[in-house]
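Have a look at these structures, which come just after this line.
Both complexes shown next keep chain A, but they swap its partner, so chain B is in the first and chain C is in the second.
Right, the complex of A and B next:
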């Protein structure tokens, strides 16, 4: 039963709906496949650190670069598929623009892959000035430029898509403030419990990603200028600020785009509506600013940063995840509690994502303390945080949505043995992967090191075993998606 | 509202005033005046000429300018050309280049004025963000570059120009943000 009724959903023609479904499936399949490849890359890196696989340092850093950029790209394209699927039900979105972004994205991916595996670029996704220009012969300026150009092109594609979101939202709601529910929050309009959560979340994502991409559009071009005109030396700290603003906002926004699946699907599975209300609007309004304000927690060790910026980053980082997490986590618990929910794989994954999201922010909050950060930030503690957050928070939302789209919810079937095996292999593997990273960080093992000291190898080997379980789980999910998704009808 | 003929004469007069040698010297004596006053003034004149073009002229142009794409492409090419520092230098020291500027920049404004309303809102958004990003990128470059880009202008002038570009870009960003955040139904479905 569909309980997130809204006064008027948008009507599309059958051909538009068919085309849209193909587009969403393409986003999901492409994104999940990239995730799988990136997991294999991660597994290879952990195995190399654990001395179970021989990889040269140059190839290690190329793999690390593709892993970082690839995971962010896969998260963006897959979460956008989820977001677009639900948002188009409430505002009139263009299939053409959605496809355009997809093909621009693929073009950017080709450039990035070429820069890394042909041009040997291994300067990490962060392309921090001045590293791309001073590779000491490891890669050429052209390779670094192709990498940054690839990111720039992907940004342009998403910008086009967000402009379509903005156009459609403004056409229906008149202003972004109204779409965010601010007119209801501040009493200008009566509270409408049926105001779609998908619109509120999409408006937030639109605002922050627009800002993030704008910053990226500036900093990437400045990096390109430096590559070809080395006399131009921009302020390194300003470059770092813009890069982290861009990167942190973009990856952080993927979870806020994907959580729409929780708002839309848990009500279907529990038979209870997800009502939007004032605390919900307040939380999403707060998160607009928090997502944009927390990135300096990556710069806590940059002593020339203004003290006020660092204090703000620390305070915002403490609170950043909380508003939306509280309303979403509490809301999810409330609608599931004694609802008689059928624990399909989709429902399990969506519920798991609440845990991953809630628990995944805790290491980040610890790392955002200046005193802890000084010791922890350049260790594997930080990958521990974001692997927890992404593997157990973001990906379960995306895979849960894939199961829904494959028609699992319609059939009301119990999970098959292979789904259960995939679920538990993934859950245990992802949890172990993250915990091994956190334990490594707590033992001061540095991150971004191709070769590990003998004392650290045990951790890397444990991490390799954990990563193998993640790959096994993901492989089962992907196989299922590839078999079921292409022919599945639009779920009712 | 002035009749079209009167508007045309006023615009022509404005163009002539801008082309008068004392005015030219005054507006080209600093990079800020050259880039932020003279060139925008020429473009605005072109934009307004585009508005008052006879209908049959507009009808003749229309088949060549579907969805405003040709006009915008032309405007972007001209704009990019006049952003090159050596061209600015050449305009000051060589009269044929100066003449080219007085012809092409109003054409750019005209092309923008005719084509912008026809352009898809998504394309308008992409271009607006790109123009904004150009302000910020160039502002930063002009502020940080160790060398003079134009032989005719001082480094200090270049820096002031960079600061003003950053200021203009920031004001634009804030204005745009406020408009779409609190504005009322600005685009019809």
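Right, the complex of A and C next:
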């Protein structure tokens, strides 16, 4: 197969392209709206902890449950929209399968919302076994089952979509190794600088998410069986391992799917191509194993865990994320440097995402050290680290892509005053939200407490102000997206 | 938690388990600073060894979400 064949783009009919664009916009709008609602939920929780809003503990924990599940779900569906938009340009993907996953996802969302707000399920999105089955009367087995069934259905939808990804990638490249660039990395083929980064990233996401979701399906099925046949009692530590493997892989994969927007859009804004090369392939190859191997850093305070697993997780955590981050961050800097780039809102957000991803690594690495984890584990340091990643790394990629699709990519629109206000409100709010969480964790404040002790209330109030700014910024972004996205043409 | 009183200056072994769901066992000093923790899990006993360097009233807080009463799981430990 020649280099040209590997790099050329796939042709679709006009009707297929129109349908695909509607599908991608549906993913983006649905995902970003869920993000906004989840930010409002987060704001409500911080206000309740800060004594500025009175809500009962039962409602607080229901909101906490929907916030966790909602953010992970929104991250998955929106990042998949970004990934699919670019991947279909290089491999022939099915619109039907893409829509199928979307509607399966919505079905799962309905089940989850029903379980929480009708069935009063408040067992947290991590459904740590055996909590869903032992609620002390707070929710029924049916509510717990609806929640876990909702997650399971969503997982099945994504597995179907990944089967289509796998089929299409294999049809075009012959093997996952070739799609990952390994044949070039190991010298079996000459290096092709035009080998699409979107294909490399998508292959990595396909592999890890298939494993992660499969593990999630196993633990969800075991949990469901336990709900109705309590004599079936799986080992709590095994369940914990499976849950954290699933959760860690799935949420991490969203950022690796979304970074495709950086690879595809920065070249458009700078007029310079993103060249893939051996370090790029090596980084993505390494991250396949790292993303799957680091999850035991969630279990450092579970002393029965095998020592080798904890040491491996700690060592991998130091380097996890770094390979891809380094090649991407360095590549982004090089492509932008003296390029005369027009700083549209989309370009600003994509560049911000590099900072959020890079800086977000620091608190993550600290918490993965056993000596630090002893006093930071399950404090607000943990949400501090992942809010940094998600608010300043992931979401800027997703919103940056939405701006591209909403007009900045095609008509080369300049940012309006309202866009700038949204950008800076969001930037300051997201940074403050994350830093207040980190400071709270460093001051030993536990996570997931509906009511805070008097000594902690000041932190929660500062967090409430920060979260308000995030909501303001997101509201402006969403309003813009809802106005401009539906009628926008596909950028040429 | 038994006993609720331990001695300072010598290692104390906490044998931590859970009868119902997962909990966390976090030891906080008088300034509400977290000084040690482990998980409490059904079917397992985690041994946490800690030496208190001064006497005082310490608090034990739940550090793993365990249901609607999570934030009220607070008890006291006296170190003599």
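Simple rule for what comes next: the second predicted complex is superposed on the first by the 485 of 492 C-alpha atoms of A that agree within 3 Å, B and C clash if a C-alpha of one lies under 4 Å from a C-alpha of the other, contacts with A are read in each partner's own complex, and residues count from 1 in each chain.
The rule we apply is simple: a contact is a pair of C-beta atoms (placed from the backbone, for glycine too) under 8 Å apart; a residue touches a chain by one contact, two chains touch by 3 or more.
As the structure is a computational prediction, the values presented were derived from the model and not from experiment.
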| item | value |
| --- | --- |
| Three-chain arrangement built on chain A, chain B and chain C clash or fit | fit |
| Contacts of A:97 with chain B and chain C, given as first, second, both or neither | first |
| Touching partner for A:286 - first (chain B), second (chain C), both, neither | neither |
| Contacts of A:164 with chain B and chain C, given as first, second, both or neither | first |
| Partner chain in contact with A:235 - chain B first, chain C second, else both or neither | both |
| Partner chain(s) touched by A:214 [first = chain B, second = chain C, both, neither] | first |
| Which of chain B and chain C A:175 touches, first, second, both or neither | first |
| Vertex chain A angle, Cα centres of chain C and chain B, expressed to the nearest 10 degrees | 90 |
| Partner, of chain C and chain B, that touches more residues belonging to chain A | C |
| Lowest C-alpha to C-alpha distance for chain C against chain B (Å) | 13 |
| Contacts on chain A seen with chain B and repeated with chain C across the two complexes | 235 |
| Parts of chain A lying in touch with chain B, wherever the complex brings them together | 92, 97, 156, 159-160, 163-164, 166-168, 170-172, 174-177, 207, 210, 214, 217-218, 221-222, 225, 231-235 |
| Contacting residues of chain B [partner chain A, same complex] | 121-122, 125-126, 129-130, 132-133, 136-137, 140-141, 144-147, 173, 180-189 |
| Residues of chain A defined as touching chain C within the complex | 57-58, 61, 122-124, 126, 128, 130-131, 134-136, 138, 235-237, 240, 301-304, 374-375, 377-379, 443-444, 446-451, 453, 455-456 |
| Residues on chain C engaged by chain A in the complex (per definition of touch) | 20-22, 24, 26, 28, 32-39, 41-44, 46-48, 61-72 |
